[in-house]
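Order of writing sets the labels: A, B, C and D. Residues in every chain begin at 1.
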Amino acid sequence: MIFEADTSTGKTFDVLLVAVILLSIVVVLLDSVPSMVGRFGRPLNVMEWTFTLLFTVEYVARLCCVRHPWRYATSFFGVIDLISVLPTYFALLVPEVSAFLDIRILRLLRIFRIFKLTLYITEYIRLGRALRASGRKILIFLSVVMMAVLILGTVMYVVEGPENGFTSIPMAMYWATVTMTTVGYGDLTPQTTLGRFIASFMMLLGWGVLAVPTGIVTAEMTSQRMNWKPTTRTCPSCLSEGHEPEAKFCKDCGEPLPAYEYDTS
Amino acid sequence: MIFEADTSTGKTFDVLLVAVILLSIVVVLLDSVPSMVGRFGRPLNVMEWTFTLLFTVEYVARLCCVRHPWRYATSFFGVIDLISVLPTYFALLVPEVSAFLDIRILRLLRIFRIFKLTLYITEYIRLGRALRASGRKILIFLSVVMMAVLILGTVMYVVEGPENGFTSIPMAMYWATVTMTTVGYGDLTPQTTLGRFIASFMMLLGWGVLAVPTGIVTAEMTSQRMNWKPTTRTCPSCLSEGHEPEAKFCKDCGEPLPAYEYDTS
Amino acid sequence: MIFEADTSTGKTFDVLLVAVILLSIVVVLLDSVPSMVGRFGRPLNVMEWTFTLLFTVEYVARLCCVRHPWRYATSFFGVIDLISVLPTYFALLVPEVSAFLDIRILRLLRIFRIFKLTLYITEYIRLGRALRASGRKILIFLSVVMMAVLILGTVMYVVEGPENGFTSIPMAMYWATVTMTTVGYGDLTPQTTLGRFIASFMMLLGWGVLAVPTGIVTAEMTSQRMNWKPTTRTCPSCLSEGHEPEAKFCKDCGEPLPAYEYDTS
Amino acid sequence: MIFEADTSTGKTFDVLLVAVILLSIVVVLLDSVPSMVGRFGRPLNVMEWTFTLLFTVEYVARLCCVRHPWRYATSFFGVIDLISVLPTYFALLVPEVSAFLDIRILRLLRIFRIFKLTLYITEYIRLGRALRASGRKILIFLSVVMMAVLILGTVMYVVEGPENGFTSIPMAMYWATVTMTTVGYGDLTPQTTLGRFIASFMMLLGWGVLAVPTGIVTAEMTSQRMNWKPTTRTCPSCLSEGHEPEAKFCKDCGEPLPAYEYDTS
């Protein structure tokens, strides 16, 4: 039953599982708020143990049901399932490492197992493929940002100096990232006139540079939206690619092209 | 008269109504500024009561004129009309709940009744339909943002800890949202080196992730601007493709096209 | 000579004029920096008077040369020219109103007179026409932003209250604008848990809403870049618009269309 | 060996060189962190000297190997190579100018020499050419931003005045840049009601104006992604239009096309 999601029982089970996972996440969240622990410490603890036992039972059940228990245990979801339950037991043994408990938040990833079978994954794959297609552009974008952050951060470190909060180059690089992404916390701001001038320049530069990821994503989405597929048609004579769907002759060698079959997917 | 907007009297009435609504909004705004209340408390009070009485008369008039008073009273605009006048009377009876008075701001929504009949609504519907078409993409986008906020917020809570202001996971998630949307208030900033490194990573990630809604909206608008329609419609006479959904005749051979069936999925 | 920009003397005069204008702007800027006035007060004063006299001479010369002096004096550039010189004289008579002096910054606009004759103006007009074409979309966008700012600002005023800095609804609306545009000064931040939750929601909403102007501008630019001109072709039989350049028959009435003449500009 | 990157030895050398450069950058970064210098001052110093000697040997080797030593020494990479080693020697002679040492960060640019020969440079050139094509648009964008910053900065200086932190027009211009780019540090915020109103207006304006670079980059990328080329090329045989610049034969009739002359303007 835990594996078949196509039956109606399986679907009800899935919806229930999602609810339980989300509820267990809420418990982890509330567990971190001191005032909540002070007031509802007891029921939170009870719920946490209920979920842990539930997940443990599910984990053991899965481990017994699957053909290759070891393969499951070392798979992505097997590890996530283990991580979901282990911290609570661990905290019982070694109560002082409470921070370690927060790893339970990864329970959230269990939701993916359920969504794995839905339509949503198609969109994910589509977006992922689009981004992989623009992989080189993104790499260049990141390298340019890194260089700008490194060089302009160093310049600001020299210009402003430790007396204005730019205590080291890594600190100045953090500031440069905050500025160029237009986040602008304001915990570190230029104090000298020259520093302010450079910062103004960086903000404008930042907008220009950061227009690039928007451009990459938008270009990809626009061409997907318009069903544009330029690279799939190949000339049988010279093997050149990128012919338009309407073209009747190869634009490179002049030979007639076979009729274009539109992708129906 | 209050229902017919097509006559010139109705149009003058509409313009007047918009002016009265906007003025009543201004009175609500000024009513919340202590220095204004101190200086112009009296005239503001008089104006507020004038508007309330005016809206009350209008409400009662509508209630009398319509065929199904109850259907009107429970409709969206009926509730808005009631909400526009009730708080002022209520404040007279129970003066201590002044905060409740601010619900009068919803008077603003009455403007929609008037604009309902104009050209602008077409654009709204068009944009709305476009966004509904991208509904699944937006859902995925939101779920990815939520996950990133939850997981990275928890990581920052563990890394920075309550001593640096990250008092709980929900607090850290608030910070993560502020950072990833590039708002960057600066009321909560990473203080440790590792925290700063993770924050820098989140900013860049945030730009990447948030390029997605821009991409969705832009792709939709670009294809609308270019009158681009999916190329699935074929002329039964010459088999040419790419006809617009609104087209009635084939643009290549001039033969009539069968009626287009809009995709309802 | 001051009117003819096509001769080489006129061009040299133009370049010189731009330099003088920019220099006079720099003087106005430095004039506002206390430390600069303390150190270079004398030479700045001398330069300011030199520029003022120069501009006065130019203004009088233009006034004498043109055929209709009154029409020039009341034109946009005539007013700018007067504003460029008047404050300095005025400050001599009434020295206490020094703030009034800063109106001299409008000297900058004189640059437009020179650029009026260059290629750049074409781009300005093109962008302006594009934006006017999207005028209704922009109006709707602004009205949606205004409504969101008004309603969400009021909500935050009620939720946070004056004790957390949200002293009035206009103040809360200022905060809402700062948040939704992702500026995020941090001079006013939500302090309650509910306030933080609403603020997080507003940030995401803000990104969505503000993706719209980016979408409008980008869609316009993309279609300009691709030389897409859908609305210029009209059917002579049924007067319907928006036919594609390749179409041979009207898609609405089936009548043949006259051959399309591509815009060569 | 240092010049030929096509052999496998050359490639190994390249990878090693990149690693050495990046490591030397890390040393420069750590050298600026006081706590790191206190703890690992000795090994950092040793590594710095190792890298300096290594780079010196490489520099001298290059100087000896090349045919025109002087041309290399005055070339971009020659200067970068010199800058990479000189500061360390210089700091030995004049220890008090330690800030000068940070110029070593330009070692990073040496990486470009290696990447010069890779595929990545193609993307850089492509993006660069795209941006040069939009050069005039970008110039106009920058001039509009400058004007808005200058004029609105002056307005805010007059409205807010030095008592609210707007001590001079350049300071107010810095604030205007911070606001219009949506960075929003919060080190300088409007304090008066009028100032806040103008600031709100500027934020919305800023979004509108700054949508332009995103639009430019996206339009360029979308048209690149779709392989869209201006429709000015016509087949001399069948007079069909819209041929790509790279096409050698007409895609409609298969006849050869005359060579395409790229627009050089």
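Everything that follows uses one rule, which is that contacts are C-beta pairs under 8 Å (C-beta built on N, C-alpha and C of every residue); 3 or more make two chains touch, one makes a residue touch a chain.
This is a predicted model, so every value here is computed, not measured.
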| task | Specify, for the interface formed by the sequence copies subunit B and subunit C, whether it is same or different in terms of residue numbers shared by both sides, with half as the dividing line. | result | different
| query | Would you say A-C or A-D is joined by more C-beta pairs in contact? | reply | A-D
| said: Suppose each chain is reduced to the average of its Cα coordinates; what separation in Å results between subunit A and subunit D? | reply: 27
| query | If you average the Cα atoms of subunit A and of subunit C to get two centres, how far apart are those centres in Å? | reply | 38
| task | Provide the list of subunit D residues touching at least two other chains, using ranges where the numbers run on. | result | 170, 173, 182-186, 214, 216, 218, 220, 222, 226
| message | Touching residues of subunit A toward subunit D in the complex: what are they? | response | 136-137, 139-140, 147, 150-151, 154, 157-158, 161-162, 167-170, 173, 179, 182-186, 189, 193, 196-197, 199-200, 203-204, 206-208, 211-212, 214-216, 218-220, 222-223, 226, 228, 230, 242-244, 246-256
| query | Which residues, counting only subunit B, touch subunit C once they are in their complex? | reply | 25, 28-29, 32-34, 99, 102, 105-106, 108, 119-120, 123-124, 127, 142, 145, 170-171, 173-174, 177-178, 181-187, 210, 213-214, 216-218, 220-222, 224-227, 243-244, 246-256
| said: For the complex, give me every residue of subunit C touching subunit A. | reply: 182-186, 214, 218, 222
